[in-house]
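Pasting the structures here.
The two complexes that follow have chain A in common; it is paired with chain B in the first and with chain C in the second.
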Partner chain A sequence: MITETAPPEVQTGKGKRRLDENVLRNLGLVGVLVLLVIIGIITRPDLYSDPEWVKDNIFTILQQASAIGVVAVGMTFVIIGGGIDLSVGAIIALAGVWATTLATQSYGAAGMIFCALLVGLAVGLVNGVLISYGKLVPFIATLAMMVAARGLAAQISGKQTQVSTNTTINDIATTRPLGIPLLVWILALVVAIGWIVLNRTTFGRRTVAIGGNPEAARLAGINVKWQTLLLYGLSGLCCGIAAIMLTSQGTSAQAAMANLYELDAIAAAIIGGTLLSGGRGTIIGTLFGVLVFATITNLFAINNLSTEVQNMVKGGIIVAAVLIQQFRYRSLTQLLKR
Partner chain B sequence: MSEEPDVDTSEAPAVTPPGSDDSGGDGHEVVLRLTDVVKTFPGVRALDGVQLEVRAGEVHCLLGQNGAGKSTLIKVLAGVHHADSGEVLWLGEPFAPATPQAAMRARIATIYQELDLVDDLSVAENAFLGHEQSRFGFTKRRSAAVKTREILARLGHAEIPPRQLVRSLPAAAKQVVSMARALSHDARLIVMDEPSAVLAHDEVENLFRIIRGLTAQGIAVIYISHRLEEIREIGDRVTVLKDGRTTAANLPARDTPTRELVSRMTGRTIEYVFPPRPTAPTAEPLLVVEGLSRAGEFADASLAVAPGEIVGIAGLVGSGRSELLETIFGARRADSGRVTLDGHRITSVGGAVRHGMGMAPEERKSQALLLDEPVFKNMTLSSFAGFAHAGFTDASDERKAASKTADLLELRPRDVSRPARTLSGGNQQKVVVGRWLLGGTKLLLLDEPTRGVDVGARAELYQVIRGLAADGVGVLLVSSEVPEVLGLADRVLVMREGRLIHEAPAEELAEDTVLDLVMAGSLMEGEAA
Partner chain C sequence: MSALSRRRILFGGAAVGAGALLTACTSNTPENNAQVNTNTDASANPNAAPGQKVVIGFSAPAADHGWIAAITDNAKAQAAVYSDVELKAVEAGADAAAQRAALSTLISQKPNVIVMLPHDGKELNAAGLEAMKAGIPVVNLDRAFPDAAAYRLQIKGDNFGMGLAAGAYIGEQLKAKGVTNPIIGEIPGIDSLELTQERTKGFNTALAQYGFKVANRRPAEFTADSGQAAATALLQALPKMDALWNHDDDQGIGVMAAIKQANRSEFFMVGGAGSKQAIDSISKDDTVLKATVTYSPSMASSAITLARLIGQGKGMSDLVELQVPKEITLASETITKDNAAKYAKLGF
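What follows is the complex of A and B.
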């Protein structure tokens, strides 16, 4: 057939190009972070003149980013694998509420953690089964789960705030091994494991393959359905971890917790360079995305500004990031077409 | 159908000069005339001097093998592509539609094989899509319905309700809606690209009735089909294309001997170089397919491939060949029949790959490659788990193995860390073949392996495929290019309308015999008589 055009075989060393592109995007996000800090210094020079405050503030930002960061890592896997998970906030609420019922609390800290992780994983796997084997569109399946899981959480908690009386759990948010908050350690660990799994394991390779071209993956002998199922399980597990972190931070759990986390997690992944259509994304980019949002929140807080303005700025940043991404992608493909 | 095997066509004049006063038309004016039309795409001359003359009220058939330029030609007429040079005269005026809309306004309508109807709109809405009857932005539903009913009546299909959703219509009725759309533009020329391909046998008769009705109203029809018997029945004159050129123009559709038509379509100007064929292997068959069927696609297919043997299936698009290949691979579920590889029953892709089967699918980009990923990861897509240690991938081992395979396949450029997107079609195909070499594949299924591959790279791919066979790999190859199947395969199966109708060693078959079988099956009928 004569419909296809052969791209010219020039420009050696193009393999490095994509790596460069990722590094470039991450550098861009670092630039945004620096800019936000500079704005902070200009608007509140009084605070920034105190090094102790600066150190504490950095930890505040990181702690604020910790739970959403863990969720966003799971979300990044799901999106790279060609899906979306709208139910993460609801799963956190369900896992948090389930882990703080009087019955669960009677099993102690280990029982509560085990419960949260198990509930998160199980709900994630239900999503996965509906999508892989029930052939539901991910958007619909997880939208339904978002509604249902919050409903179940409200049912279990009787719409009450459930206070955690377990000191081990509550201490997670306050202990500082080696001077760094435990929540930040957890985030660092999840990010590190996420990076290794995505870049260095067969699980990560399959994820990129099924998101990049599911038909090619299938015809290469990869079990696309099974891998999809596992990805939603992974996302659910991350929600279970985040549920414990949030419960500890608030020393309580309720059905309304982690509200709109799905949107924050998706937004963080997207501005971090994850392609919404799947097949491409980085864990580090997502981490930077989370940090940018947390820093903005912090910036508004230290200036005593309203959350309304803050949300408008967040929306603007999402649009700007995606526009930049599209522009890059387009110019790159145009370059190759030439 | 009449066969006149004794006519010697080698010295007959190839091209009747356009405009000469032949009796092929029925005395109507010439509405469309193409002279020396050329259209090039990067690396390929799709149209290389096409002549075509169409008269009002005639059915003008376009004949040619795949890649002869038929599709490009009709896209030039439809305003999708723009000719580089040459002259197109439409109703006596130079004609170069900038967009499909412009072609429509000039009253040239094209009905593609894949009908471009909107399933969730009504018949009337589809008929007037793009030029809706409206006032102040409000659609005039009633007047559109009335006009659509008139048009449908003109087509002899008053029974199709204008308000019905197109989704609920059978394929034949959808085609009528497509024609209604053409008539809603008051088309004077309707181009039909293989309209019979989506129809059952008795529906074709109805299509012909409609076409006769159109031509009686003075509308010209360009009719593309691979089925010779249809051309003889409905066509007035035939123009044959080969390698982007008109090799015969304005032949009378009814009386031109099949042999002459086929000879105008065959005999490449560019001869492909095929590697020499060793003596046929006689080992036990590796792949055995018995009575494989899938409703509506193919029926009762049985074949065997031995290690080191290349078996080719010749067949047109829509003959069921790709579906057969995918079913053998386990990517489609068979209704009945069985596939065994080395004694193992194959029912899924996973099982096929595990037991040493690999496939290079028809659509490289959408079915085989991760375009943004580097070449080496594409090559190891089916084997990376084998390189891994306890779930951890070993990129450096993969890279080494892929580089070795790249050397073997003479991949250009050799650098395996470039994204697959940046490679040419031929080299992308090498990557897909390389994938299965790395996996230690024993049987390779190739679906149109040289599609979108330029001539030079083809010869290399042929060498690669023959080399694989020499190493003991069994190859089952599907192609709509008859010379390719004949040149490359040891044994050839001919597929037509879902059935394997002929089998013979490649050296015993001639190109025109196979082409005849593929298109009409007339040789079989002749033998039976």
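What follows is the complex of A and C.
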């Protein structure tokens, strides 16, 4: 039996300041988003003058951000907990392919969703066992899983694109409860749950604790290994959800799907202010990170600019975000020393 | 302690049960849809009569895409048609270096002919030369060796011609409709590949003859999910469009999904490659997809047939020459509703 200790309260005085910093950072990201929209309005006034198009465009951006957003929420937990998950794209592919085999499709939509979630969770837990109990470095364990899961996905699919003939699954991408796309509802739900779990539960406080200082967390009575295991399981589960979302959007799954999603998810978390060394980060920040990327993609598309330049801009934004983070952190610590 | 172990037993049991359930869900009965030349009637075609035994070594990249998978399937199916052909297929592995190693092993087994679809023509050029030097004729499939001494026969598709055919179809259709300033979209595959650039070059060349140009171009990655993302972005950028060319029918599954999700139908679309699904959809004529330009993996079947003739020292019976020619480039054909039935058997 694990003794439930009160979550280690981080220095109250500085906690306030840290909160302010998070709000500040998120405001900065909102500023970036507003800037991107203004650039869009200036460059394509013809499109932005149509309110119907603008509404449609907002939903399009949110929908295109939905699957990667769900993955990024899981990734944020893993990174805050001091780890990294390079296998998310591969887990999506495996879960998607597994859920769209002819055998799984014969069980209907519920069977497919159950299968994707179960595969995602299971692969995530395998990652977790390898890392916490097998004592593998997260980078290596999930890198190995990235290769292996894609391999298994290719094996199962026979390297073919598996088309989903299930209309319920395919309709997930088209239904709009209350006028808002279902995919956006799913993203909102995952973000809300992620926020509550991270900020309002012992699970969340333990995650921050083991990421900030695993040894202190262990001495404080937290089962670091078990917590780590659960974090990777959570990330895998998010991948399972994303697999269904992507399968529905593309009405198919294949072993090469969700290519490089790991990088997009990590980048979104970093831009959102999650410390790559663990112990700090916010779900809302990650959400803004994902939205910034999706808005850039949209901005480049409506102006017919090449994706090469788009990738360079995205790279630049990642570097800028980390530089700002370091600068802030350094100046803050210097301030405290005085 | 007992509570813990009970929990473990329950958890372990659940895991085993879930595992068993999941394993049952991996079964996939693939459709057998290989394109083979089954013309083995010796009275009609003297080349079809069983002759000297030919061992054909075969190497193609591990398939990550429907087209490559069809290449390997076709080669195997065509070899199975001939009683005098033995196919030795070796896995080419994940990259050019792995394929080079696999080929060395293959050469040492001394097959009569080698059929190879290289990861990259330039990188595998030396391997082709090595085989030819060892006295094994090489049939270079699709991705061309730059060195003419590295192959006995080169059989490939026509990427530039594919773009040309797509552009010509779109140009003709729009001209017939009397559209003077059309808005044309393009969704290529992986943009850094030479084949993509050639397709785009051909497409622009054909459109230029009609005085048209591409309004927006969003590359995907040959996968359905990337096709969906690229098409969604494109549709958002062009609220009204007249025509769309998507380079690849595999990513086209996602492109079609995006079009349906955006509820758009004011334009027509041309596909690329010629998948079975695309041809079916064209013949049913119930979507915006009105045509596709071929880049058929049937070339692998033809490569095996020709490799057999090379091994037996025979020529193509319709031609005067006593030997198989050195280079064959397949024409990119345009499949529309009118001829879809005829092409149905070539879909992959």
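Assume the second predicted complex is superposed on the first by the 323 of 338 C-alpha atoms of A that agree within 3 Å, B and C clash if a C-alpha of one lies under 4 Å from a C-alpha of the other, contacts with A are read in each partner's own complex, and residues count from 1 in each chain.
Please note the rule applied: contacts are C-beta pairs under 8 Å (C-beta built on N, C-alpha and C of every residue); 3 or more make two chains touch, one makes a residue touch a chain.
Keep in mind the model is a prediction, meaning the values are calculated, not measured.
> Does chain A have more residues touched by chain B or by chain C?
Partner touching more chain A residues in the overlay: C.
> Could you look at A:103 and tell me whether it touches chain B, chain C, both or neither (first, second, both, neither)?
second
> Tell me the contact category for A:158 with respect to chain B and chain C: first, second, both or neither.
second
> Does the superposition put A:168 against chain B (first), chain C (second), both, or neither?
Neither: A:168 stays clear of chain B and chain C.
> Once chain A of both complexes is superposed, is A:246 in touch with chain B (first), chain C (second), both, or neither?
A:246 sits against chain C, while chain B stays out of touch.
> I'd like to know which partner A:203 touches here: chain B for first, chain C for second, both or neither.
first
> Does the superposition put A:22 against chain B (first), chain C (second), both, or neither?
neither
> Taking the superposition as given, does A:216 touch the first partner, chain B, the second, chain C, both, or neither?
first
> Chain A residues touched by both chain B and chain C?
In chain A, positions 1 sit in both the chain B and chain C interfaces.
> Please output the residues of chain C touching chain A within their complex, sorted ascending.
Going through chain C, the ones touching chain A are 3-4, 15, 18-19, 21-22, 24-30, 62-66, 68-69, 191, 215-219, 221-229, 232-234, 236-237, 239, 250, 253-254, 256-258, 260-261, 277.
> Could you list, by residue number, the parts of chain A that touch chain C in their complex?
For this pair, the touching residues of chain A are 1, 47, 50, 53, 56-57, 60, 63-64, 98, 101-104, 107, 111, 115, 118-119, 122, 154, 156-163, 170, 173-174, 246, 249-259, 297-298, 301-304, 307-308.
> Under the definition above, what is the set of chain B residues touching chain A in their complex?
It comes out as residues 41-44, 46, 66-67, 69, 71-72, 329, 331, 349-350, 352-354, 359, 361, 366-374, 377, 381-382, 384-385, 388, 391-393, 412-413, 415, 417-419, 421-427, 435, 451-452, 454.
> What part of chain A is in contact with chain B in the complex they form?
Touching chain B from chain A are residues 1-7, 9, 11-18, 200-205, 208-209, 212-213, 215-223, 279-280, 336.
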